[in-house]
Structure formats: C-alpha cells, structure tokens
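Paired with subunit B in one complex and with subunit C in the other, subunit A is shared by the two complexes that follow.
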Partner chain A sequence: MSTPTPPDEDAPLLSVRDLRVEFGTRAGVVTAVDGVSFDVRPGETLAILGESGSGKSVTSQAIMGILPKPAGRVVGGRIVYRGADLLTRPPAEVRKLRGTEMSMVFQDPLSSLNPVFRVGYQIGEMFRRHRGYSRSEAREAAIELMERVGIPAARQRVDDFPHQFSGGMRQRIMIAIALALDPTLLIADEPTTALDVTVQAQVMKLLTRLQREEGMAMILITHDLGVVASSADRVLMMYAGRVVETGDIREVYEYASHPYTKGLMASIPELDGRSDRLTPIKGSPPDLLDLPPGCSFHPRCPYARDVCVQDDPDLLHVESRPGTHRAACHFREEVLTDDRERV
Partner chain B sequence: MSDVVSDLTRPTAPATPPPRKTGGKRPGSGRIRFSATVVSIYVFAALFGPWLVRYDAVATSTPDRLLPPGSRLSDGSLAIFGTDDVGRDLLAQILQGARISIAVGVATLLLAGIIGVTIGVSAGYFGGWLDGVLMRLADIQLTFPSILLAIFIAALLGPSVVNVVIVLAISNWVTFARVARAQVLSTKGRDFVDATRTLGARTWHLIRRCILPACIAPILVVATVEIGSVILAEASLSFLGLGTPTSTPSWGVTISNGRNYLSDAWWISTIPGIALAVLVVSFGILGDALRDRFDPKLKNL
Partner chain C sequence: MGAYVARRLFFSIFVLWGAVSVIFLVLRLVPGDPALILLGPDANPSQIAALRERMGLDEPMLVQYAIYMRDVVQLDFGTSFRFGTDAMQHVLDHVPNSAQLALTSVGLALVIGFPLGIIAALKANSVVDRIISVFSLATQSLPNFWVGIVFILVFARGLQILPSYGQGTWQHLVLPSITLALPFLAILVRLTRSGLLEVIHEGYVQTARAKGLRERVVIFPHALRNALIPVVTVIGLQFGALLGGAVIVETVFAWPGVGRVLIESISHRDYGVVQAAILLIAAIFVFTNLVVDLLYGYLDPRVRLAG
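Entry: the complex of A and B
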C-alpha cells in the first residue's frame, strides 16, 4: 500500500468538518448537506445511512469532487485527506489522489462502465496510465484483478464489452477498476441497490473481503440497514442534510437515541414475528426548499415539544452511554430509555 | 434460486451470443444495400474512370462538335454520351466531374465535421457562457440562406475548388455542432463519465474516451445525410460560375455549358444532371436508412 506519510493509528484518514453543499435550482437554493462532520480512520468502515434526499450521496460526491456542475457547490467546511484540504488544494494535486488514493464504486453498474471499450481495456487503463504498464502487462494485470473479484473464466471474458456482462458481474468489474491501484479509501455509493438480492449479498461479501485484505478504509453509503449491520464499524445517520445520530454500529442499532433512528429500526420486519404489522415513520421527508423551523424532524416526531420547533438541536454525546455515541435530539436520553414503540 | 457459491463459479452469460440473423430482418437492409451499391459504383468510377477514359480540358476537336450519344468520333472511338460544343467526350467529362463532386463533398464534410464537432463538444461539455456564445453563433449562421452566403463568400474569394470547400463547410458546420452538442449533453451526465473522473482522469481524457466515442454514430449518420446536399450545392455554385473554375469540369460546369445548346444538344446538360440526381438520391436513401438503423432519435433532422 502506498503511504506518503507514516501511518498514524489515531489520526483520521479523512476528516470532514462542517461541510455545506448547496444546489441552485429554479425554485431556489437547496442546502443538500448542512454542517456535516465526520472522521474516517484507516481501515475502518463508516456507513452513511439515510433516505433519498438526505444528502448522503451528495456528501460522497463532494469528497470525490464530482458534484453536478454548475448546480451544486460546496459553500463551507473542509474535507481533509491526510492533512490536505481537498477543497483548497490545486485541482491538479487533488486529481492525482483520485483513483490512486481514493476511489469510488457507483450505484448503477449498468451505466458506470464505458460502453464502447472492452472491460479488460478499461481495467488495464488504470495500470497503463497511472503505473506506466505496457499493453500486455496491463492486460495480464486486468485478468488477475478480474479473477480476484470473482469473475469466472476471466481470461476468456477480458475482451468482452460491458453489455455482455450481468449487473452483478459489471459491479465486480467496477470494483476491480476502483481497487486496481490499491486505494486507501473506497467510497461505495449504494453499491448493491441496483442488484438482485442474492447478488447483493455476494457483492457485499466481496467488498468486505477485499477491504480486509487491503486494509483500506471504506465509506459505505446505503439506505439498507441490513447491509450496514453486517459490514460497517461505525454509522452516520443522516436526515434532511444533517447528521442526526452517529456512533459504533452495535451501539446505535441497540441503543438508538434519535427518534428517526428508532423509527427506522421499528420499521424493519422481525424474524420472530413479534408484531404482524410494520411500524412506519409517519409523514414524508421534508421539502429541502422549505425546511421546518427548529429540528427538521419535529413534524414527524412523536417526542416533539415546543422546544423542538424553536431550537435546532446540536449533535451531542448521549451521556448515559459510553464511547462516542452522539445524537442530535433535545430528548436523546428519553428516547434511549423509552421502550415503547411510539413512532 | 441457486446458492451463492455456485453462482460465483458459473458464468452468468453464455460465452457466445446466439448468432444474429443476417439478411433483410434489420431495418433498412435493402435500402442500405441498394444505395451503397450505387454510391460505390460512383466512387469506383470517380477513382478509376479518368484513367480509362482520357479527358483533356483544353483539347478541342471541331469535326466532333455536338454529336449525339452513341456517335462515332472522327478518330473512330465511340462517344457513348455524345460530345459537347467543342467536341470533348461527355463520358470523360462526367467521370472527371464525379471525381470533383465526390472529392468536394468528402472534403467539405471533413472540414465542416471537424469545425462542427469541435464547437458542439466545447459548447456541450463546458456549458455556461461558452455554450451560449457558440450556439447563438450557430443560430445566426442558420438564419442566412446558405446558398446566398456561399455566393457572397465565393464572390469574395473567387472560384476555386478549395474555396468551394471552405464556403460549403461554413454553411454546413451547424448541423454537426448541434448534433454533437446534444450527444455530449446526454452523455456527460452518465455515471461512467463521473466514474472515469473519480479515477483521476483529466478533462481532455474524458472528452476523448467518454464523450467523443458516443458522438461517432450520430455524426456519421449526419454526414451521410448531408453529403447529398453538399454535392448538390457544389453543382449549383459551379453552375452559377462561383464554384469550380471552368477548367475543372465539375458537373455544375458541364450542365452550365450545355444550357445554350438545350434545344439542339439536350445531352450536354441532361446526362450530367441525371448522374448528379442519381448520386444525390442514393446518398439521401443511404443517409435515411442509416439513421433509421443507428439513430432513430435524429428523425427530425
């Protein structure tokens, strides 16, 4: 693994501070990400959870510098990778990090491969352009990589075009390209959403296996609580562009201290069949153009009181829990201890 | 539903796709085959004809003036298409003219294509004020009647083959620019472009590897549709004396020459006219058929 600075176990690999991203639309300016902060340490998996429009994908796009232009722009905050702020460094320097130090797997494998080039060529291009391999060396490296990500008969299929592969296989090829140069940080933006359920499990298994082997850090963006439970170390819950709860995965799942997290947990069907009806969260996600005052979750929140309408809660430590469990709720202790499924 | 392990070891798609049915099943096969044959005969004639039938622009032969098609010349050879007002063989002239027409058509499309695709890709990819400026420029270009513009420029530059190419390229780049821009706009938002960017690609690499390959098919279709009208425009300019100089026997020049003799030597204007019409119609059919097969979106072009 290439490490320009000596690895420090405590120092975060990536540190996002108070990130704000706005989108200019016809109807007005939308703050898609509003003051999001988090750290990713080397080798760990951070899951960013949230429903559509919560800002999780936009956060990853801001990190990778692929916000849709000219509509989206970062208006505040810092994205610090190994001590260098990606937002203020010259673009050429940041570009050199992409693909080599940090790379990304996209949601839809059907559209994230270039349809006009053979897959082996596309994988090998990483080696040719970044490592200066010759054509035949790059081809061999591509075949090896295809075998590593579990593509059967890689040597026969290296010259096929993307459309000749199934969705799951294409996602494996995407993963192969992303991992070609042994990045230290991989961002996986809903890597399994577009796949069949059985294939989802395979691809997730592959991602976590490769991550362990390489010792790389991963940001896993998803709305699938099940995917997160089995593969993440820590979790970041997002709602309406803000972080509402964060902490170690087991801690957050078992001691949810934000009504939104709690509501999500209650809406998962349970295998023991304790209740035959699922408990949904009432209402629908807020309009980002017209966020409710105070805590943006209060119109849907069973714990909401007057203070929630006036005052937007900060992301604060849940005092009664050990570790780094934090939640953005005025009544986090009450939510934590409340056993009723009121949501 | 099979289990995970066996899924991993089994290829998910058959190694070879089922053989595609050849023949008249795909849209426009017959039209493509017919028109492509006609066009290739023209290209073949243009390439090799002038070698087989010698043509000399300044050689005159007064005894052989205005002979009708099928006449014997004074040197004993057969003039299949007859002769013109100074006794030059019309077949040789038409073959030479085919060479000029096709060469001018191809060169014009190359030039117009390069200009148009460059402008269209820049406008579509970079957007913003550049897009605004370039596309308004294209709009302004379109408001001029192209033949009028061509006459104006040809009058300034004088008649020559190179000038004809320049003139026609100026009045034809807009279609290429618009089609290229539309294609860029629909391609640059695709995931694979973002994916390539996250792998550290520069702008130039993105344009070359992601954007341009996506433009090739529609641009080729446009080129085929346009070539007929370009050849026709070249003939019109030459007919008006603003295209190729009279020493270069393009079809337009020959038709123009024969205009004074229409009543007693109809073949001088008519035969090159038919040759021109058949070629233009063939290119038209070919362009339509290729568009139907490869890019039905361009139907309203």
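Entry: the complex of A and C
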C-alpha cells in the first residue's frame, strides 16, 4: 500500500515551460518570447530583468492571459499554475483565476485605471463581481483596502476619480485592486517606472511589505537592477525573447556568467566612486524582425567567436557554481572568471 | 455648474439674435413680394401698395428690422401674412408632429446604431464588420430626398404595404422616420465602432481583463463608457443635420411638421412664420448642444465645466 505523498514544500506554484509568443506586426511576425522556462515557488520573488523588447512584459501578459488580441498569441509551451495548464483550460475557468489567484500591477497607473469610474467602484468591483458583495459592502471593503495601502483620508477619497490622485497614490490604488482578493501570485510589471523617484521606494516598500504579510509569490518585472537587488530572491535575465541567465539573486549579481549580465552590472553607476566612468554596453538592442544568427547577443559581445554566429547556446549550468545558476553562453566559465571589464 | 449653464444661456441669446437677423435679411433680399404672392397676378398696383403698407413692408428695411426686434424682445414674433394669426403659434402647432418624427428617428438610430457599431468593433475586419461598414457608408452617402422617393416607389407604389404621405397611423410614420434615421444611424455606427476600437487597447481595458471580469463587463461598462465620450459630442453636432434632414423628409412625405411649415412659408414669403420657425429651430439646436455639453461633463469626469 502506498502512502500519499506529502505536499511538496518546494513544488512550484507556477511553471512556465518553453513558452513561445508571437506578435503579428505590419512588418511581419515577431517572436517576442522564444522558449522561456522558469518556476515560481510559493512566497518567493522572481525578478525578470531585461531591456525594452526583451519579452519580459509579454511573458507576464501571456501568464495572465491578457495578450493584446489579435496581434499576440501563444504558439507553444505550457503555463502550469497549481498543476493546471492555463493554455489548455477553458477560458472561463482561467478568467476566474485572474484577480483571485493571480493579479497584476501595471507600469502606468494613470492609463491602467479607468478614468471615468470612481476609484472606490474600481476597487469594489473585485468584491462585487468575484464575491457577490452588495454595493455598500464593496464600498466599505474598498475603503478598508485604501487604508491598508496607505491612502490618507480613504473614506473621503473613495468617491474621487483617478485623475484626482497623485501618481504614487494611483499606483497604491492599483495595488489595492490587485491585492483585494488575496491572490497567491502577484505580477508587478515595472510597478515603479512611471513614478517620481522619491515615490518609487515607498511603493516598492509597500509591495514587499504586503507580499510578506500575505505570503504571496511575486514576479517582479523591471529593468532597475537596484530594485531587484533589494527585493528579489531569484532573477531571470532576458534578452531578445530568451532567458540568458538565471539563478539566485546574489549568485547572479556576484558571479555573472553571461556577457550581457556582466555588461549590465558594469553599466551601473557606483556612488562610492570606485569607477569614475560608466561602461555602457556597446551597440543597440536587436531588431526582433531581423535577429542575428546564432546567439542574438553576439554582435554586441566582447567574447564573441565564430561558434557564437553559428550556434545559439542553450541555457546551461555554470559548472563551477551551484546548480541553480544557469547561463546561455558558450563561454560562461570564461565570462565568470574574467575579471577584466572587456566591454 | 450653475454658473456655467447661466453663462451658456446668456451667450445663446446672441446666437439666436444672429440667426434671426440673418434670416430677416435673407428673406428680404431674395426676389418675391409677399403682397404680390398673396393677391395673385391679377391684382392692380394700388391694391398691392395698400397691402404692402398694411404689412409694414413700405418702410425702409432698417426700420422694419428695428420694429421686428422691438416686438421680438417682447416675445411677439409677428403675424402670419397668410393666416393672419400669430406666427409663432402657427409654428408651435406643428411641433408635436415634428417631435414625433424626430424622436422616432433618433430612437431608431440609437437602438440600431449602437449595437451595430459595437458588433462591428468587436468583430473588426471580419465579414460582419465589412457588411456593416458598407451598409453605413452607403446610407450616409445617399441623400435623404432620394431615399425617401425610392421608399415611396418600392413600399407605397410597388408593394403597396405602407402609405406614401401624410400622418395618422403608425404606418404613416415608418417610411419618413427610417428615411430620416438612416444618415444619423450611419454616423452612429461608424463613431461607435471607431470609438470602441480606439479604447479597446487602452491600459484600463487590459486592467479590466486582469481583474478577471467577464468579457461582457470589460466591454460594458469599462470600454464603452470611454468610447461614448467622443460619440456624444458628435451626436450634438449632428443634431443640426437631423433638423435640416427633417425639413426635406417632411416635404417628401407631406408630413405636417415644422419643416414643412417652413418650406411652405418660404414659398409664400410668409416672413413672420419663416422667422418664427428659424428662431425655434435655432433655439432647439442651441439647447441640444448645451445638454450635450453637460452630458459630456458627466461622461468624462476629467472635464470640468468652468463657469
């Protein structure tokens, strides 16, 4: 007789496998996400880092099932949430997960909030549509949430419209909507990018505090290395729709094994003045319509050799490092040990 | 808000003054003597002169204008040359008929136009969308009078299922109201379609989806409330076209409304009635636009109506 297996503590909440997303554009079909795989475990924060066009936002839209239609579509892979592949489940079933199990905070709170509805209505809608609250119950719940995300005088402001709030307060309202029904997974797509620098830290602190209180997992999409360092457990580096390096946050920061990661680290200004010059990555982001053959990064890579032009490297273990550290570079060991700033 | 309405009402006085002044001038510039028309071709010159004097048409135009304006501010809009009765009362007597036709048409246009526009937007570039777009382009391009005549030929003379002119039963209302509704409906379809397509990719529509709302809720109210803002504006502007269209449609179908009164009064050079009708139509137009602007402020809370 077999004993039932105890619930696996480390079982991933979300498993993305070999995800491929295409976008139809006027100029042709673009593969915005090309074979991306990763796991998110309960309660952890996974940062997805990359520049514009790297596919990080598209990945999150695909997980949420809100790709812009009809341009964007998932053409391959699996998105498994708690054992169910969201890509094969009936759409009505997946819809019910949105907002309740998985929520999303967007980059620009001004355009993400509906300008013609009062904020209390927009927050309360979560309770009314998903939980069957009455209007007055939903309103009370909205006020409570607004207080929880730190909006002063919530009771007086519940009937205001989004344009009557500051950028930081709007993002707090967006966060209130996302967290209304205690989701298990929060996707934050550049949640601080559109905000004033002084407000960015406050909003980030609020997000991480609420995450800790709720014990929810978070996918933090950003291009801000500083935000990642302070709040993420693991990191996924994306470039041209592919994962180029992944691992625990400290590990990747200190033992960067992909030339792109290394280049990004070198391009951060340091306040203590150890290097007095910024070192940018040369060249510009690739054109997704016309990707270079082999490794997409090779035209910008100081380590590039003949093999890089012919052969696209797989995401493989960096042998001299712990098992979770993987990089998609033919010369990952060399990049790792190379101390020179060859960018 | 109250101050805004007061200010708008104050300025609309000048609009009405302008409208009635222009029509006063135009009426007296076009050829045709009301006394001559009234008395017929056999009248002798002394009879005509006597009638002109009684009508006050022997005075210089500026004096006539001053007298008319003096009367208008006292809400005396003159007398009908033809009937000898109060000009404005004659026009007002026909308002219910016009209102019946106009409201039926607007109702038809809204009830058919909005759903067609929404369907076209949600099925953008599909066969259904193409059919709707061709239909609305066609109905918008066809002139009212032509559509009216074709309707009469087909449904009244050919199939003999509907009356071709006059007023009485609901059947009398069918052809003129559809004729009047068509161009308005077409504009409504196209505006709703483009308005919805414009907002469907906005961030807040994506948010509504991310909130796990049903697609029906994503479209109504989240997308549609925003899409309607420009539609409402244009509806206000198009209302003038609808009033103009009513004049033609009422004439084609011999519908006893204000439009037909206007046309008949113009051909009889019945100055008082023409001026009263124009004043009333202008007032309706100004009022409708005020209502639309207030509605606009309600639909879009970002718009603040400054007093």
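Everything that follows uses one rule, which is that the second predicted complex is superposed on the first by the 334 of 343 C-alpha atoms of A that agree within 3 Å, B and C clash if a C-alpha of one lies under 4 Å from a C-alpha of the other, contacts with A are read in each partner's own complex, and residues count from 1 in each chain.
The working rule: contacts are C-beta pairs under 8 Å (C-beta built on N, C-alpha and C of every residue); 3 or more make two chains touch, one makes a residue touch a chain.
This is a predicted model, so every value here is computed, not measured.
When both complexes are superposed on subunit A, subunit B and subunit C occupy overlapping space and clash.
A simple residue count on subunit A separates subunit B from subunit C, and the partner touching more is B. When the two complexes are overlaid on their common chain A, residue A:Phe161 makes contact with subunit C while staying clear of subunit B. When the two complexes are overlaid on their common chain A, residue A:Tyr260 makes contact with neither subunit B nor subunit C.
In the superposition on chain A, A:Met64 makes contact with both subunit B and subunit C. Residue contacts after overlaying the shared chain place A:Gly99 against subunit B and subunit C alike. Contacts of A:Leu113 after superposition on the shared chain: both subunit B and subunit C are touched. By the touch criterion defined above, A:Gln202 reaches subunit B but does not reach subunit C. Taking chain A as the common frame, subunit C overlaps subunit B at a single listed stretch, which among 7-15, 43-51 or 61-69 is 7-15. Common to the subunit B and subunit C contact sets on subunit A are residues 64-66, 68, 95-100, 103-104, 106, 108, 111-117, 126, 130, 174, 177.
Touching subunit C in their complex are the following residues of subunit A: 64-66, 68, 95-100, 103-104, 106, 108, 111-117, 125-126, 129-130, 161, 163, 174, 177. Residue ranges of subunit B in contact with subunit A, taken from their complex: 1, 4, 7-13, 15, 17, 127-128, 189-192, 194-202, 209-210, 213-214.
Of all residues in subunit C, only 201-204, 206-214, 217, 221-222, 225-226, 229, 299-302 touch subunit A in the complex they form.
Contact residues on subunit A toward subunit B in their complex (touch as defined above): 64-66, 68-70, 95-100, 103-104, 106-108, 111-117, 126, 130, 150, 152-153, 156-157, 164-166, 168-169, 174, 177-178, 198-199, 201-202, 205.
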